[in-house]
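Shared chain: chain A. Partners: chain B in the first complex, chain C in the second.
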Partner chain A sequence: MPLSIDEISAIREILGREPTKVEAYMFEAQWSEHCSYKSSKHYLRLLPTKGKDVIIGPGRDAPAVKVFNNYAVVFKIESHNHPSAVDPYNGASTGVGGIVRDILTLGAKPIALLDLLFLGEPNDSYANWLIRGVVKGISDYGNRIGVPVVAGMTWFDKSYNTYPLVNVACVGVVELSKLLNNTPKAGDLIVIVGNSTGRDGVLGSSFASKPLEDDSNNIAAVQVGNPLIEKLLIDALNDAVSKGCVKYIKDLGGGGLTTAVSEITAEYELGAVVELNSLHVREDDMRPEEIIVSESQERMLIVTSKEQLQGLISVLEMYDLQYSVIGYLDSSKVIRIYYRGELVAEVPSSELARPQIKLWDVEVPEEHSSLSKELSVPKVTNFKDALLKLISSPNVASKEWVYSQYDYEVGVRTVVKPGYGDAAVLRLIEVDTYSGIAVKGDGNPRYTSIDPFRGAANAVGECFRNLVSVGSTPIAIVDELNAGNPEKPEKYWYFTQMVKGVSWMAQELNIPVVGGKVSFYNEDLSNATEVKPVTTIVGVGVINDIRKSQTLNLKHVGNYVLVVGVTYPELGGGELLYRYFSIEAGEVPLPRPSTELLNGSYVRRLIDFGYAASVHDVSLGGIAVALTEMCIKGRKGVYVDLKNVPERGCELQDLLFSETQGRYVVEVRREVLNKALEVAHDLGVHVGVLGVVSSGDILFRYSNVDVLEADVDELHEAYENALSKSIEG
Partner chain B sequence: MIKFPGTNADLDVVWVLRNVVSLDASVVWFKEFKGKSYDAIVLPGGFSYGDWLRAGAIAARSKVIDEVIDASSNGVPILGICNGFQILTEAGLLPGALITNDSGKFLCKWVKVRVKRPRGPWLKLAYDDMTVDMPIAHGEGRYYIDSEVEHSPVIKYYGHNPNGSLFDIAGIASNDGLVMGLMPHPERAAEPELVPTGYTAGGLVVWRSLATSLKEGW
Partner chain C sequence: MYVVEVIITNKGHVRDPEGETIYRDLIIKRGYTNVAGIRSGKYLKFHVQSDSCKAAVEYVKELCYKLRIYNPIVHDVEVRASGQSSCD
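For the complex of A and B:
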C-alpha cells in the first residue's frame, strides 16, 4: 500500500524536510503493512509469547525454543499469498526460500519444511494451473536445497480459485552454544552475501500490502528464486557459524536492504553507513532507490567484526558465493546511505522502524450472525454414501499427489512420514539416536470464515492433538493470520477475532505463540471473489524416544479400538454438511481447551506405557472418517458399536460425523485393554470401547442394528485416488 | 563422499557409514578431492549445480570426475546414488541415460527392487533375485538404454515401475560390479527407525557388502 497522506506528513516531520527519492522508497517499503505490522501490532500483543523454554520470542527473524537441554529448535511460518496468485511457481518457491533464510539467521540448520496450501477447486482450469504451479514451485525449490517437506495441510475451496493462500514453515535445529544471539556493535561490518541485487521484487512488500488488482502490472513485484544459491547459503552459513566468524545474520526479505538495516539499527540503537555502489548488482544501471528496496532472493546480511571478516571470506569463497562489504554500524542512530560517494538518504533509524500504528474500525459483518447460528441439520439418508463422499473429498482424501512431489526423506530423519501419522516425526541425530520432535500445521478456513474466533482456537487445538497423537509433548506454536483488507471494518473484524481465538486457546493450553506472521489484503479485486480468511498454526512437540512414536494405521486384528472424549452434536461448519448437503454454515464446534489437556495427557500416557498400537485424532468428518482412515492405512476392517461412544444429545449421524474437538481414536493392544481403561478412570477421562479390529469390512452398528457397512478396498481406492483423479483429470 | 554445489545427501551417507556399519567416512568438497586417498568413493544424491542443463551434466564434466575415472581403473569401488548415478551415466562410467520420469513429476516413494546377478563390492552379500526395499526421490530417474542388460549386475523395480524406466531398471553396475549407480537411496533404508510399515531396511545390504568387501575383498 502506498503511503497515506498522514504518513507522508509524518515523514516530513521526522526529517524536517522533504524526503529524497531514496528516502521515500525506504519509508514506503519499511512502513508497508508487510514489513511493519502497523495494522496488527496492537492486537498481536494479546498473544502469550513466554514460556520456560522460550529462548528467543517474536521480534527476531525467527524464534528459538530450548529442547533436550543443550539444543534449540528454531521455527517460523510465512505466507507468500500475493506472489503465488500472480506467479504460482515462483511465488511459492520463493516463499520456501524466504522462510529457510529466516531459520539460518539464528545459526540453525534447517531440517524440515511444512506447507499449508489453500487452493481452488481442481476441476476449475485456472485453479488447476495454480495448484500445479504452487506444488511444483515448492517441490523444485525444497528438493534442490535438500530440506525435506515433511508435513502440512492442503485445503480445496472455491474461494481460492483465483487466489491461493500459500503458507510455508521451516524448522531448524542448533546447539545452544552455537545459537546466534549476539549483539551487533558500532564498528562491526555489514556484509551482503549471496545472489546479486536485481530489479525483481522491487517494492514487493508494498505490492503485498494492497488487494490484488488486474495483475498485468504486478509481475515485476514477484521475485524469482535460485535454489542452488540458497543451498550454498545454507552450507556456507552453517560452516561460518560453526567456525565462529559471524556475529549476527539477517535475511534480506520483505523490504530488502532497507528493512534489514533499519531493524538491526533500531533494535540495538545503532546507526549505519552504507555505500550502495559496493554492492554486487545484476544490472549496472540500477538506481539507488531500486537497490535499497529490491527483494531479490537468496541474499543475506551478515554482521561481522573486522577480526572475523577474513574467516568469513574464506568460507564464502570456498562455496563460490558472491559477497560485498557495503558498510559498517556506528553509534549515530542514523542510517546514512551513499551512492557513488554521494549521500542519498539520512534517516533516524528508530523512526524508520517505527511506523504509525493503525487501529482500523471493527464491525461485525452482517453475514456472521446468520452463518454461525445453530442450524436444524437435515438428515443423512444413506450413511455409506455419505462416508464415501467424505473419504473422497479432496480435503479428506490422501494428499499423496502433493507430498510425493516432495523429497520428504532427505536428511535421514523422517521417522513418521507424510500419510502415515497425524504429524511428522523427525529424529534429532545431533542430540542422540532416539531423541526427536514432531511437527504439524493446521487450519480450517470453513471454520474461520463462519466463526473466526472458534475457527482459530480450533486450529490451535487440532495442532495440539496432532502433535499428541504421534506421541509428542507440544512445546510451542507459531501462527499465520491470513485476512482481508484491514481498512474495511468487517474484514478487519475477522483478523481481530482470529488473533483473540489463537491467544485464548494458546493461553488455555499453556503453549506459547513464539512467532508468526500476518497477511492482509488477501482479496482479488479483478474477480470480486471473497478469499476465506484462515489462521494456520504450526506446532512443535518433543519426543524422548522416537521408537515410541505412533502412526495411524491399524496394526493387529483383535486389538480394541477406543474413542477418547465425549461427542456432542456439532456438525456445524463440518465436512459432512459441506460435502453431503452443500451447506457451509452452522455453529462451529466449541473449542474445549480443558478437555484437550486432559484427553491429550491420557493419550500420551497410553503411548508412554506402550498400550497404544495406533492413534488418530478426530477432525474433519468425525469418528467415521477417522476410523476409516485407520482402516484404509492398515488394510484392516473394524467392527464398531456406536452405542459405546460417550456422548450427549447425539443422533446417529452426530456419532458418526460430528467434529467435536478434543477427541482421539486409539487402537489398544488386546491384552492391556483393562489397564488402559483403568488409567482413563483414574484421570477422569471419558472413554468408550468402540469395537475390535477385524480382517473384514468396516461395520458400524448401533446395538443390534447395522448402520453402515463398507468394503475397505473400495474405500481405499476412493481415498487414495480421489485427489490425483480430480487434479490430473 | 564427493560434494558438489547442490549435493544434499552427503551427510546422510556419512551418518550411515559411521553409525550403521562403522566405517570411517568424510565429505570432500569437489575442488579438494584427490582420488588416491580413499578405499571407496560415493557420489551422493542431490542436485549438483541445481540440475541445470540436465541432471548431473555439469558435475560430470568437472575435473574431479577424471580423478574418479582414474580411481575406478585402479580398482576403487564407486557408487553413485540418485544424482550420483546421473553423474556416472553422464560421465560415461555407466551405460544408459536417466531422463524425466514418465509422469513428468518428481516422485518420492518407497519401492521394492530386485537384485540380478549380484557381484562386486556393493552387492557382495546380496543374492540373485533378492528383493530389497528402498525409497526413491527423483524427477529424472527414467532409465533409458538401447537393449536389455544381459551380463552386468542390475537392480530392477519389482511389482511396480514408478517412472517408466526401460526394462524396469533402477540401478546398474559395471560388469565386475566395481562401479554401481542406483536411483533408490540405500542410505535412507539402512535403519529400522526410518522404515515405514510394510517395508524392510533394504539398503543395509549395500553398506554391509561394502564393509565386508573392504575387509575381505570381493
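For the complex of A and C:
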C-alpha cells in the first residue's frame, strides 16, 4: 500500500529534503505492514517471549530454543495468503521457500515442514482449483528440496472459496556451538547469494499490505519458486557455516534488499555502503529502485569478514551458486546506496527500520454479541447419523488426500507419521538414537470468527494437548495471526482479541511464544466475501525416548479406555452444530489452562510409566469423534458406557460431542488400570473408565440403554474416503 | 475432427526456472552462445469434434479458461488449429 501523507511528511523530516525515487521505494517497502508490523507491534508486546531455554526470541528471521543441552531447535511460521490467492501453485511453493530460508539464517538444517491450510469448499469449482494448486505447490517444492512435510492441519470453509489462507512452518536443528549468533561489525562485507534479482515481486510486500483486488495488475507480485536453487542454498550454507566462513545470514524476503540491509544496520547500530551495480541481476536494464525492493526468491544476504571471504567464495563456487559482493557495513549508521557510481539513496538506518506505529480504532463488531451468546441447542435425533456426518466432515475426515501428495519420510526421521498421531514425532539423529521432538500446528477459524479471544487461546491449548498426546513436553510455540483490514475498527478488533488470547493462554501454560507473523488485509474485495480470521499455532515438544511416543490407533482388545478431564455442555461453535444443524454460533468452549496443565502432566505420566497404549486428544466432535478415530485407525471396536464420563450438567449429546478443552482419551493396558487410576487420584485428575476395546462394533451405551451403535468398517469407509471423494468428485 | 493445440507459458515478467536452468546449465555451458534465451511451457493437443475449425478453437479456448487449465493471471495461452496459425 502506498505511503500515507503523514508518512511522506515524516520521511521529509527524517531526510530534511524530498526523498529520491530510490529512497521513496525503500520507505514504501520497509514501512509496509508486511515488513514493519506497524499495526501489530504495539499488541505483539503482550506476548510472553522469554523462557529458560529460549536462546533467540522474536526479532531475528527465526527464533532458537535449546533442546537436549547441546542443540537448538529453530522454527518459524509464515503466511503466504495473498500470493496463494492469486497463484495457488507458485504462491504456496514460494511460501515454503521463504520459511525454509528463515531457518537457514541461524545455521540450522531444516528437517521438517508443516502446512496449515484454510481452503474453500471442495465442491466449489474455483475453490477446488485453489485447493489442488496450493497442495501441489507445497508438495512439489518440499519434495524437491528434500524436506518432509510431516504435520499440519487443513480446514475447509466457504469463506475461503476465493481466498485461501496458507500458513507454512519449518523446523530446523543445529548444534549449539554452530548456531549463528554473531554480531556483524563495521568493515564486514555484504554478499548476496542465490537467484539473480529480477523485476518479479517488485514491492510484493506492499501488495500484501492491502486488500486483494480483482485485476491482472497483481502480476508484479506473482513469483515462481526455484527449488533447485533453494536446495543448493541449503547445502552451501550448511557447508559454509561448518567451515566458519559466515558471520551472519539474512533472508531476502519481503522488502528484498532494503529490508535485509535496514534490519541488520538498525539492529547493530551500523551503516552500510551498497553498490547496486555489483549485484547479479536478471535483466540488464533494471532501474536502481527496482533492484532495491525486488523480492526475487531464493536469495540470501551473507555478512562475512574480509578474512573469511575467500573461504565463502570457494564454497559458493563449489555449489555453482551465483553471488555478488555488493558492499560493506560501516559505523556511520547511514545506508548509502550507489548505482553506477552515483549516490542514489542516503538514509539513516534506524529511521528506515522504525515506521510510525499505527494504533487503529477498535470496535466490537455488531454480530459478535449475537454470534457468541449462549444457544439453546437443538436436540440431535439420530446419534449415529450425527457421528457419520461428523467423521465425514472434511475438517474431521482423514487428510490422506493432502498428505499422500507429500513426501513425509525423506530424511528417515519421521517416527509418528501423518494420520497416526496427534503430532508428528521426529528423531533427532544428531543428538542420539532415541532423542526426538514432536511438532504440530493448530487453529480453528470457526472459534476465532465467533470469539477471537477464546478461539486463539484454544488453538494454543489444542497445540499443547497434541504435543502431550504423543508423549512430548511442549517447550515453545510460534503464532501466525491472520486477520482482515486493520483500518476497519471491527476487523482490527479480531486481531487485538486474538493476540490477547494467545498471550494469556501461553502465559498460563508457561510456554513462550518465541516468534510469529501477522497477516492483515485478508479480504477479498472482488467477491465481497468475509475471510474468517484465524490464529494458527505451531508448537515443538521434546521427547527423551521416542520409543515411548504414542500413536492414536487402539492396540489391543481387552484394554481399557479412559477419558481424562471433565466434560461440560460446550457444543457452541462446534463441529456438531455446523454439520448437523448448519449453525455457526454459540458460546465457544472455555479455554482451561490449569486443567490443561494438570491433565497434560497426568497423560505424560501414563506415557512415561508405560501404562498408555494409545492416546488421542479430544477436539472437534468431542469424545465420540476422538474414540471413533482411534477405532478406525486401530481397526478395533469399543464398548463404552457414557455414564462413566466425568461431567457437569451434560445431556447425552454433550457427552458425545461437546468440545470441552483439556480432555484426552487414553487406552490403558488392561493389567495396569488400577495403577493408572491411582496416579489420577494422587494428582487430583478427573478420570472416567469409559469402556473396553473390543473386536466388534463401536457401541455407546448409557447404563443399560443403547445410544449409538456403528460398524467400524462403515465408519472407516466414510472417514478415509470423504475428503478425496469431495475433492476428486 | 479438428486438432487444436494449446501452448501455455509464463507471462513475460513471470520467471521460468525450468527455461532458465536449461538455458544456463545446458545451452550456454555447452557453448551454444547464439541462443539468447529460453522459455519453457506446457503443450496440449486436443482432438475435437466440431462443425468448423473456428468453432473448435473457440470451444477449446473456453474450456481451458473455465477449467483453469491455465491461470490467466500468470500464464499466456495460445490456442490454435494444428499445423497452421489460424483457421483461414
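General observations
We adopt the following convention: the second predicted complex is superposed on the first by the 728 of 729 C-alpha atoms of A that agree within 3 Å, B and C clash if a C-alpha of one lies under 4 Å from a C-alpha of the other, contacts with A are read in each partner's own complex, and residues count from 1 in each chain.
Quick note on the criterion: a contact is a pair of C-beta atoms (placed from the backbone, for glycine too) under 8 Å apart; a residue touches a chain by one contact, two chains touch by 3 or more.
Since the model is a prediction, treat every value here as computed from it, not as a measurement.
Taking chain B and chain C in turn and counting the residues of chain A each one touches, the greater count comes from B.
Using the contact criterion defined above for the overlaid structures, shared-chain residue A:546 touches chain B, although it does not reach chain C.
Touch criterion met: A:139 reaches chain B, while chain C stays clear of it.
With both structures placed on the common chain, the touch criterion links A:335 to neither chain B nor chain C. Using the contact criterion defined above for the overlaid structures, shared-chain residue A:225 touches chain C, although it does not reach chain B. By the touch criterion stated above, A:630 is placed in contact with neither chain B nor chain C. In the superposition on chain A, chain A positions 226, 228 are in contact with chain B in one complex as well as with chain C in the other. If you check the complex, the residues on chain C that touch chain A are 10-11, 13-17, 20-21, 68, 71-74. Touching chain A in their complex are the following residues of chain B: 5-6, 8-9, 12, 15-16, 19, 29, 31, 45-47, 49-52, 105-109, 135, 137, 139, 185, 187-188, 191, 193-194, 196-197.
The residues of chain A lying in touch with chain C in their complex are 86-87, 89-90, 126, 129, 133, 198-200, 216, 218-220, 222-226, 228-229, 282, 296. Every residue of chain A that touches chain B in the complex is listed here, in rising order: 136, 139-140, 143-146, 226-228, 231-232, 318-320, 403-412, 414-415, 417, 420, 427, 429, 433-434, 546-547, 551, 553, 634.
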